[in-house]
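After this come two complexes, each holding subunit A, first together with subunit B and then together with subunit C.
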Partner chain A sequence: MSSLNASLATALSGLMADQGALETTSNNVANANTPGYSREVPVLVTSDPLVVGPLTFGTGVTLQSIESIRDPILESQIQQETQTQGQSDAQVSALQQAQVSFSNNSNDIGTAISNFFASLNQLSASPSDLSVRQGVLTAANNLATSFNQVSDNLTQQRTNLGLSVVQTVGQINQLTQQIAQLNGEISNLENVGQSAGTFIDQRTQLIDQLSSLVDVSVIQSDNSLTLTTASGTALVAGQQSFQLQTQLSSSGQQDVFAQGNDITSTIVSGQLGGLLQARDQQIPAIQNQLDTLAAGIANAVNNVQTNGYDLNGNPTGATDANGNPQNPVYLFNPPPASGTGAAASLSVAITDPSLIAASSDGTPGSNGNAEAMYALSSQAIIAGQSPTDYYSGIVANVGNMTSNATAEQNASNLVLQQLNDQRASVSGVSLDEEAANMIQYQQAYAASAQVITAVNDMMYAVINMTTLTG
Partner chain B sequence: MRVNPNPLPDLLATLNLNQQQINTDLEEIASGQSVNEPSDNPAAAAMLVQNADQTSQVDQYLRSIGSVQGELQNADSTLSSVTTVLQRAISLGTEGANGTLNSADRQAIAAEVQGIQIQMVSLANLSYQGSFVFAGTATQTAPYVLDPTSASGVRYVGNSEVNNLTLGDHFSVQTNLPGSELFSSPGNDVFQALQDLITNLESGSTSGISTAVSEVSNAYNYINAQRVFYGNTINQLNSQQTYLQSDSTQLAQQQDTLGGADLASVIGNLENAQVSRQAALEAVANTLQTDLFNYLK
Partner chain C sequence: MTPHITTEVARPPNRQVSPADAVRAAQASLALLHELEASLEATQKAVLARDLARLDEGTREQIRLEQAFREQWTQCRTLCQETPASSSLPIPLEPRCAAELRTAATHVLDHVRVQAALLIRAQRSLRMLASLAGRTELSYRPRAADLQGCPPSFPTAPGDESLCRV
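Moving on, here comes the complex of A and B:
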């Protein structure tokens, strides 16, 4: 058998539930523009019924929990794509800086190569003219300088990328520390059965940030979360975070260490991965090609140079006019045998223009050797290509690397935009929806209040009735 | 179905892309180049490097042609003077062979031929911009010195080397003829012929004089034949010059095709980008911030 008091209690449960629901609406509206916020919905359930004899009475409504709406799969996709984006962002900015040295201008290596060989052709036309010979030395110096400058720029850029690596590792450490802390808060709340939605949102936001820096794998267990790099280096385990360190390695670059192990080569994604790839692979590849080109030109020119006679008729090779051994007269200081560093160290060995071996027979008017030197411009002296062809290959290579990274960046931006769209369609706060909910809760609240008024009237009737009889 | 309640980030991304397009177009218009960085078009950037190199080569070939042309023309006109001088020697010799002349007349003629011999040495020692043109490659010393102990009265101290000069892809020319081939060629030795003429004039042998005159006249024919070398080379250089100039024009055209901005289409693109930016801005301004809350009273 029911009672008026029971009805009052039931109506009251409605009031309280609607208040709670309105609270979530209000929180959603307040957080409509908070990055990473997932909308909350009140979970309303029917209270346990009361069974009296054959009758079952409902006892109202309970606000069981407040749930954040999110799609974990979508979120992990976003994190992965964020890694790609971070990587391509870092690469694009590094490569765009690198390719400036290869833009066609009056100081680029290509122009310097052309000018050097042009000066040799002029020498061939006027082999005994000192001012023409001086022109060859000047062009050779310009060639060496442009190699030096581009190589220095690239080396400087690698150093700067190393500084960015140190900064990025610092940011990673800060984020993993915060995530470990949040892990603690979340498991404390969840252990006592409370919803940790807000903290989870914050943590998701931090993991997104971390993903843009480094390749993160997220392993989620009941109420704890483990983060590792893609290759398995632990970053966060529950409430514990593991710091990464940077340290100068034997190669003179800042390498990344985790618990004493060098993990530099295992980081392939995120901003850190992009920085490391640009620093350790892409820019060194360009430098290698430049070294090959510089060493190829220097060696080929020296070979011809030491096969002739200077303006005074002295042989420039390893034996002097009397057949005694002598130091060969090189045009370029011989590059390192391995070729490594050839572009950075390329320099002209002579300052006396009369030492250029234009003559092939010892007479000052002979141009045979100058012709042979000029002929190098069209000979396959560098990896089966002429100097200019090889250089144009480097330019194409740098351009391709940059445009590929840019294309990847654009694609990744688009994918990320779509994924974020999808996440917003699941988790974003819709003000229309919140307004509709608000009306709904407001009306339900008003209705419950009406029920209480009705019960109140009925109570009043009962009490007055008693007074009358009494 | 629930849709993304906040389209603002998408709209901003679109605006961003628009802005990027506008920036690229403006850069192209400002520079007149569609390839400003290698990544703009890597293949074209590589071809532009080769184009620039070829252009520099062509320019250099033209400069080199300019520097040898002067020398060749000088050599050619000197040889023309040589033939004039030899003609004079021939007429003097013919006059000297005349039996009515007395010894004193012949001595006078011999002295004049002696003068021609000295003039010939000076012509053969032609120097152009500090280099002796007919010395082979030993260009720093005068190739002919007067030497009374020599049968021909002169000594050749040059060499018989020649220079070849590359003046185009697969095009090179010989740029000199050594004196040993021109004036001292065995059988057509100019100095020997003149010396023989002098000797016979002095001794008064009319038959010797006639033989010497025909020697000089052989040498004259030989020098004339050798002038063809210079004429041919100068012609070759002229036609190579014309070819290189048209090559240079073609390279400039190719460079423009590869890397020049197509202004008409760039400006079209720019207008499109501006229109769509305008539209996106208006859309952002007009459609946002209207929701159910606005209608609740």
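Moving on, here comes the complex of A and C:
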């Protein structure tokens, strides 16, 4: 049955709803510049009506919930792109450092190769000149030192990348712990029908941060959220987080483990993926090429060296009666047979310049062997290329890898900028819109208050009427 | 890392090539490279905005510019090969002009790399949207429509109408 009290209650529901809506607007305005904040909207619904006989009376309005505006597809795209960005950031940084070792300067390998062959050219012009012979040894030492330094730099860089892997894993563990904790709070609030928008925003931000570190797949179920790596390793399941560990492998590198399983090779994206790819694939590939070059030069030069005669007319590749070499005099210490580590271990085998085999017939004035050594500079002795061409290939390869990684980084920045703009247009706070909402709620509140005043007056009239009649 | 540019000069037959010709040829190449760079910048925006019409238009323009650039260099080489060995060709370009050419070429190369990376992302994103908009009963099996002309060796499950039958 309709009554003044019912009217009062209806007007009061309006006051309460508008007050709640105004509070939402107020919160949106306050968080207009908060990173990661998603704007909230009040969800107003009509209260259940009251049916009295043939009449149905409305009973006002209810503020059912406060919803945060989000686009899950957009969020997913941002997370995916953030992973790619993290990966390319790590790769660009690593490759730029590697590139420094190949920059053009007076000590680079390319210059050292040129100087070494130039010294052999001089030797072929003055095969018995001791100072020229000393020049060849100095150039050979410089060449070996250049290889050693670049190889050491790359090895050191791999070690540093390993330390970054440990740091990154620590950050991942911290984030997954926080996300699991937030999952609990969100779940608790949602279980009692309350809005967990603020916690969801915080969790989204943490997932974004996690995405920049490792490849994350987000699986959202009704009341829970699960995070795994792209290969399915669990990181967070509801309120439980699974810690990753690092462990020194037999190769001396820090590998990543999850619940006892080595997952290093399965991490392909995010900063961790980028670090691992640079450490385990890109830099070792450069090191392999350097080893091939160092071993190729050393073996080719040694082959020619052991086919000639030193300044005293002694054969440098003396053989026994069966033709097997006996105490051959090498210019470079022979590199490992596999070639692995050749650049790091390249060194000159002799200190006496007279032992260089410039002569091809044992006479001191002969330069046949020196010319043969110099001729190596233009011969295809390393994987079908001359030493200089092969080295140019390495430099071009490093530059290419860096340029590709930089292009990936630039593309990620552009795409993320675009996606973040889109997210801002969906989830961001528009101050104009909020100002309009504020006026709307303010007017509705004033109108409800007016209704209450009117009902109050009517009640007063009723009370006075009772007094007069009583 | 900058690409190596050898600048050879186009010259009309029966006329001595002058340094001014070299500068003109370099400037023409430079203009083409700048045009290509601007076009690539525009198509990057088109890819981001998923503006297919603008992307298509930009790609056509880039093909035209690339052909024009290629023709110019081919013509230069042909003329230079016809020149007697005693010729002073190629005329060395002044360092500033050569540096400008190298820089422009590097910019174009960088833009091309970014463009390729953006296109891969666009493709990935469209695939993701296509999956989301796909049938709810999507399975891991290929759709029959995708299997038109599929090889006879493709395994088919007996009684499954959705699979290709050869």
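Criterion: the second predicted complex is superposed on the first by the 461 of 470 C-alpha atoms of A that agree within 3 Å, B and C clash if a C-alpha of one lies under 4 Å from a C-alpha of the other, contacts with A are read in each partner's own complex, and residues count from 1 in each chain.
In this text, a residue touches a chain if its C-beta (ideal position, glycine included) is under 8 Å from a C-beta of that chain, and two chains touch if they have at least 3 such contacts.
The shown structure was predicted, so the numbers you read here are calculated from the model rather than taken from an experiment.
Chemist: Applying the document's definition of touch, where does A:439 land relative to subunit B and subunit C: first, second, both, or neither?
Modeler: first
Chemist: So in the superposed three-chain picture, is A:371 touching just subunit B, just subunit C, both, or none of them (first/second/both/neither)?
Modeler: first
Chemist: Have a look at where A:81 lands relative to subunit B and subunit C in the superposition and call it first, second, both or neither.
Modeler: second
Chemist: Of the two partner chains, subunit B (first) and subunit C (second), which one does A:400 touch, if any: first, second, both, or neither?
Modeler: A:400 sits against subunit B and subunit C alike.
Chemist: Touch check for A:73: first (subunit B), second (subunit C), both, or neither?
Modeler: So A:73 only meets subunit C here.
Chemist: Please determine whether it is subunit B or subunit C that touches the greater number of subunit A residues.
Modeler: B
Chemist: Name the contact category of A:361: first (subunit B only), second (subunit C only), both, or neither.
Modeler: In the superposition, A:361 touches subunit B alone.
Chemist: Could you look at A:408 and tell me whether it touches subunit B, subunit C, both or neither (first, second, both, neither)?
Modeler: Only subunit C is touched by A:408; subunit B is not.
Chemist: On subunit A, which stretch or stretches are contacted by subunit B in one complex as well as by subunit C in the other?
Modeler: In the superposed arrangement, which is not itself an observed complex, subunit A uses residues 99, 395-396, 398-400, 402-403, 406 for both subunit B and subunit C.
Chemist: Please output the residues of subunit A touching subunit B within their complex, sorted ascending.
Modeler: Interface residues on subunit A, with respect to subunit B: 32, 95-96, 99-100, 102-104, 110-111, 113-115, 117-118, 121-122, 124-129, 359, 361, 363-368, 371, 374-375, 377-378, 388-389, 391-393, 395-400, 402-403, 406, 413, 417, 420-422, 424-426, 428-433, 435-436, 439.
Chemist: What part of subunit A is in contact with subunit C in the complex they form?
Modeler: 73, 76-77, 80-81, 84, 99, 395-396, 398-400, 402-404, 406-408, 410-412, 414-415, 418
Chemist: Going by the contact rule at the top, pick out the subunit C residues touching subunit A in the complex.
Modeler: 1, 44, 48, 109-110, 113-114, 116-118, 121, 124-125, 128-129, 132
Chemist: Quick check: in the complex, which residue numbers of subunit B touch subunit A?
Modeler: Touching subunit A from subunit B are residues 1-6, 9-10, 13, 35-43, 45-50, 52-53, 56-57, 59-61, 63-64, 67-68, 129-132, 135-140, 159, 161, 163-166, 169, 172, 175, 259, 291-293, 296.
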